[in-house]
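What follows is a pair of complexes built around subunit A, which joins subunit B in one and subunit C in the other.
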Partner chain A sequence: MHWAQSVLALRSRMYKIILAIRYLIRCRITYFAVLAVALCVWIVVIVMTVMTGLVGGYKLKNHKFVGDCVVGTKSLVGFAYYEDFIKMLEDTDYVEGVSPVIKSYALAGQPGTGQDIRLEMIGVDPARHSQATGFAETLHYHVDDVSKVFEPREDGGLSGCVIGIDRILERDSNGRYTAGPYPADIEVAVSCFPLTSRGALVKATTGLVNTKTFYYSDHSRTGLARVDSSVIYLPFEQAQLLCGMGGVPKRVNAIHIKFKPGVRLQEGCQDVSSLWRMFKQAKTDESQSYLLDAVTVQSWRVHRRMFIAAMEKEQAMLTVMFGFVGITTVFIVFVVFYMIVSHKRKDIGILKSVGVSNANIVQLFSGFAFLIGVLGSSIGTVAGWLFLLKINRIETFLFERFGFQLWDRVIFFIGDIPNEVEFKVLAVIVLSAIGACLLGALVPSLQAASLRPAETLQVGQL
Partner chain B sequence: MLKLFLWLRYLRKKKIVLLSIAAVALSVSLLIVVASLFTGFIDAFEQSAVETLGDVVLAAPSPFKFAKYELLVERLEQISAVEAASAVLSAPGLLHVGKGDVHAVEVWGIDPARRARVTAYKSFLVRQKASPGEPSFEVMDSPEKTGGFVGIGVLAEPDEMTDEYDFAAVEKMLGSPAVLTTGSLIEDKGPSSGGSGRRFKRRTIPFAIADVVFTGVYEVDRSVAYLPIEQLQQTLHRDEGGPVADRIQIKLAPDVDVEVALAEIRGVWQVFAMKELGWGAYLANDADIETAKQMQSRWVFELKKQMGLLLVIFGVVSFSVVVLIFCIFYLIVRLKQKDIAITKSCGAASSSVAWVFVGFGACVGITGSCIGVVLGYIITKNINVIEDWIRIAFGLKLWKSSVYMFSKIPNQVNWDMALRIALLAIGAAIVGALIPALVAARTRPVEILRYE
Partner chain C sequence: MKKHDYILQTRGIHKSYRMGATEVKVLKGVNLAVEEGEFVAIVGSSGSGKSTLLHILGGLDKPGRGAVSFEGRDLSRFSAGELNRFRNKAVGFVFQFYHLLDELSVLENVFLPTMVSKSVIGWLGYRRQARRRARELLVQLGLSDRANHKPYQLSGGERQRVAIGRALMNAPRLLLADEPTGNLDSATGNGILDSLEELNKAGQTVVMVTHDERIAQRARRTITLADGKIT
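Then we have the complex of A and B:
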């Protein structure tokens, strides 16, 4: 009985499928609707895949640069009692790595040229920092033994330093760097203002600045333009002394945290935030507790939002613009369906005269629109995917033959053009295309449903 | 006359044609807005370089400085192509402006009065822009102090939501003390020189903030401090025995041929470098003499490339307009077969019938383009207002000077591009109408008008 009902239901739906396929094959004008949908999907798949890849890659680089969570202050004075808080963090079951960090601005004797440059100085314990961030992956000479990154090849009694790659090596037109087998023998004199816990200059009556010389021992390539062109990493203790933070109690500017696998970012940050509030409460009576007021707990997304938000906004604006241009596709589908309904008035009249309801007529044309959307999206997706597969080869060919690059790799920090189609992005594009088709077909479908068989089938009309 | 009558009739009776006009208008306005915003940004980028650096920059080969710059400035100003010139001595530095507030800056040693003749410098000064006379480093109420200017971005951050600076708070900092540390290479035969005979020596310069510089270019405002050129020279290059500079910024006379001016400046420089400085021809030739625009040309090229790419992408998507017009015209031709047949039976040639539809396509293109141009103009001109509405409505600040350099979105319509886009749209409309026009032309009255 149940089986028989199913067969009847299928048979009652069959005419819609047959008619939709028939219209698709017979009415050649529908090819144009399919073409328009395919064209839009093709270009949107390509652009959004590239854009999503760039934004995703940029986010990943930022995530690796700072870890999962940052407890820190913008003030260069920093905050004290960090060792106690680190101990509290390490005792929890959700923290995998913790790294205290010194951040300040420094003036450095530019390697190789004898000129001064302005740099952002970051003082880290390399092993700890690599547990909390992707620091080790960014190194060239010490990628396998990060703990020795500040040990220079030449034992001249000086510590090593890690310099942002764009300060030490030139990028070629393909965005590649050529590093020698060993770091070059370069001394870098680093100076910065040591500040008291009140923010005043430590050496107000003497030389005002602290200067120390380091050997260039490695370079770091994060893939972030601002970082790779402006950062110098120094050993934690020495950076602390240079910035006047090595007194009692010692100070740092930030603590970078990595959560254990399975810990959700938001929950982890909330836990760290609660822990920080408890810690701050416990330190209320300490002499430098006022420094803790300026400290914030931020996820990596919030910490780097100034940089990430700009790219996300550009992606959103591009999506909106595509949405505007996509309105034309809705118009095309509308016109095509308007034509089909105009030409198929007799069919509709006959269908309605044999008892097909208005809703079924709307369903018939909606199904037809759905078919156009699916077909157009499929063609567009396959064409886009094929183009993306070859996009880097096409660019290489254009560069070798005509000197054209999508992005000048000497200027932009972009390697290969991202070409991995993300399912989520693709699903949104395809669903939007099908939605546009359904929207375009809506008014003609309603018109078709409102046709009266007595009028469309009268002899005068036939 | 018949054609015009039919066009107007179809336009009035066939409301579906309005869709094609709307699609053309939409695509044209979008492309005009994109092109105008990009070119506006590129123009602002180039103009900001001119306003900050002057028309031409003569830079000594790094790391050399040149002495007797006053003589060079005098000689440059004697040539007809040059209106004014000003020397600059630059160095990197760390600036301490308050408790715990340290910034990495580029310090420029300048003569503000001279600089104001070369660039729009005076209009950038928050305190002195409205004052009569030439700008100076004199500190208000404390003329005995060494004064300096600081970029507004060094003292404050623009508001997160409005992207505007708190000028009242910034003005309160006028007269505040600041300390700049910088460094220079000095002769040293001791062991600390590493055998090179030269080593770095750190220098600090305490000064009072005499004025605040607001150029509207974020990177300049947040990273440049200005001191008297003599002060910087005495601190960094006291061993030189006289004034030194590392570049000369030049304003060209109006309507001068830039290439001729560059050649004249190069000639003056070479004579000066070889005779007055005793430099060899190779070193003298190594100096960069470029217009401010040429200095930005690599970035401008990239920006233009990105603009071209975006226009191509939207152009491809806008190709749908051709398909839309084809569909609509095909629909009209099919629905108006009887009209066409009657027209042909009255003696109209096939080509005339085709022209009716091609002309109608052109009409749609022209109407859509005109609406698109007007729409594009309105959107571009009011882009800052629209951006502000979005901020108020959604709390989303789309344009920030920290990301896009300038505090305002450039809103000049690129009429050259607008004309090209409009013409392309008209062409696309004609292409879309072409096949339906041919179908109409091939209509046989005998088949359409027979009675069965």
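Then we have the complex of A and C:
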């Protein structure tokens, strides 16, 4: 208490507050320092908000695409006994949704055209997959009734498929797709190489692949460029048969898991890992148990790290670049303060002649720098926030008037420019700006404190 | 019975400055003593070291050799904090060029030494009293109608009176004046000297340095400084 009193009451001096404010108002040169800080904060708030929004949005899309945790193997052969493990997972109190998934590569094309393209085939049970991931949200026609997503409109008895939006619709310059009221009547022949549990081609002797025709019943828009341009979702059982995984025991490539609310990602994944080890142990003597060795348990972050890391690296590089902008601000504040201290040598002598200590001189100029930091960052924050508020309108205006777009929507999978200011990011920027001001003013302040009063007062008498 | 023989005493003060490779000896063993209630003028030609001596007496500078005692206490033994308190409470400075803070009003300049010595909370409690005291000083110095002006809005004589008000704010036991009339016309200068005389009559110890013999004659005692020594 005594310590706090001495800090709050004894250390603070009214004249420092008054003089710091008056210096701020009267020294015109400080306006440049305020402007420099404001501009720096303005640009950093905008860039960091946009970049954080993009990275955050990208992570969220990846998270929704795979769920919280993935138990799977990179091998196209897959692993068996998944149903037993799913049962174990469903019996726990931390799992909300589980979805077995078939993943393979397929050749797809309209029958008779001979123009096949390579796609990533994903076989899912739509209802289960929607419980474990954000699959349902990505659909266009069946967003409210995901269980019927593989039922073509013309004939529910046929097999439907969901195609990545960029494989089926064109994107305009505004990044918008124009979908008809119903899915177009498109047949897609999907061919797969079925593999045995040892990784050999099932039909190696005949040289044939498994081919089946599906009917376009919906499209999926995850917002992930690679997914939306290369994915085709098929009904789980049929995908399993196409890949030769429908034998005994049946196989899958992955199990996607969603944890119940409140379950921490790391803890949930650790629990699944422990459960998997137990399961694997129990299956040691079963046939095809060797396939279980290649299975890993990964959180969505780890599972998608290849894609996320690139974005995070870009964000880190951008942060470093704007760190240099911060260094420039420190230098500007340093120069301004150096000039102010040179200009205020007489004042420092006067203050010392009435008993002001060196520490108080440092505090006076540091307080002055603090005010510049607070004022500059406040102006920069408000200006940045206002700009972000209108950033999409500004971009639309620029595009319509001059044809300028920050990101060409035909190329980039970006809808609106992210403009939601995160308090945490803002707090870091503002505190850094104030810190930069204090740092820039530190050396001139120390220099001011070290001035001999007799010398500074003598100067006035020359 | 007096506690100390002298309010201010120096013993063998030496001070030199380095100008490039040359060492310029400004003070060469100055001994002087000032009794409480005295009005002493230190007179000397330009460059004789009188301002340097005044700064050393007021703790604004340190001697190269020798000692300064204030009420029997050696200034060289003061800690930084004690020296700050000494400058704040025990001495008041009046400079030739007034040295007022342009950012503060006349009233604020006067009560600055009190504000410096108080914490924010202490100041809020003491503010009225300090303002009253500053206003009284301004009335005494004939500046009651200038309280809210800025220093640059005042004449030279008025500014010097504000500087005297500031020097007296904390009722210091010693008033040090460095060429207080040096920048003023003779009529205004006389007014300032009248003020110093009146203060001395009221018991204020005053030490003034000047190059002008006629001004020095207004003091009760004159000390001549020549070639860095008291003659």
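In the analysis below, the second predicted complex is superposed on the first by the 437 of 462 C-alpha atoms of A that agree within 3 Å, B and C clash if a C-alpha of one lies under 4 Å from a C-alpha of the other, contacts with A are read in each partner's own complex, and residues count from 1 in each chain.
Methods note: a contact is a pair of C-beta atoms (placed from the backbone, for glycine too) under 8 Å apart; a residue touches a chain by one contact, two chains touch by 3 or more.
This structure is a prediction, so every number in the text was calculated from the model and none was measured.
**Student:** Regarding the shared-chain residue A:191, is it in contact with subunit B (first), subunit C (second), both, or neither?
**Tutor:** The first partner, subunit B, only.
**Student:** First (subunit B), second (subunit C), both or neither: which does A:321 touch?
**Tutor:** first
**Student:** Which partner does A:357 reach: the first (subunit B), the second (subunit C), both, or neither?
**Tutor:** Second partner only, subunit C.
**Student:** With both complexes overlaid on chain A, does A:183 touch subunit B (first), subunit C (second), both or neither?
**Tutor:** neither
**Student:** With both structures placed on chain A, which of the two partners, subunit B or subunit C, ends up touching more residues of subunit A?
**Tutor:** When the residues of subunit A touched by each partner are counted, B comes out ahead.
**Student:** Of all residues in subunit A, which touch subunit C in the complex?
**Tutor:** Checking each residue of subunit A against subunit C gives 8-15, 17-19, 22-23, 26, 346-347, 349-358, 452-454, 457-458, 460-461.
**Student:** If you look only at subunit A, which of its residues touch subunit B in the complex?
**Tutor:** 29, 32-33, 35-36, 39-40, 43-44, 47, 75-77, 104-107, 109, 113-120, 187, 189, 191-193, 195, 198-201, 207-209, 211, 306, 310, 313, 317, 321-322, 324-329, 331-332, 334-336, 338-339, 342-343, 406-408, 411-412
**Student:** List the residues on subunit C that touch subunit A in their complex, please.
**Tutor:** Against subunit A, the touching part of subunit C is residues 51-52, 55, 58, 60-61, 80-81, 84-89, 93, 95-97, 99-104, 108, 112-113, 115-124, 166.
**Student:** Could you list, by residue number, the parts of subunit B that touch subunit A in their complex?
**Tutor:** Going by the criterion above, the answer is residues 16, 19-20, 22-23, 26-27, 30, 34, 62-63, 91-94, 96, 98-106, 179, 181-185, 194, 196, 198, 200, 202, 204, 298-299, 301-302, 309, 313-314, 316-321, 323-324, 326-328, 330-331, 334-335, 396, 398, 400, 402-403.
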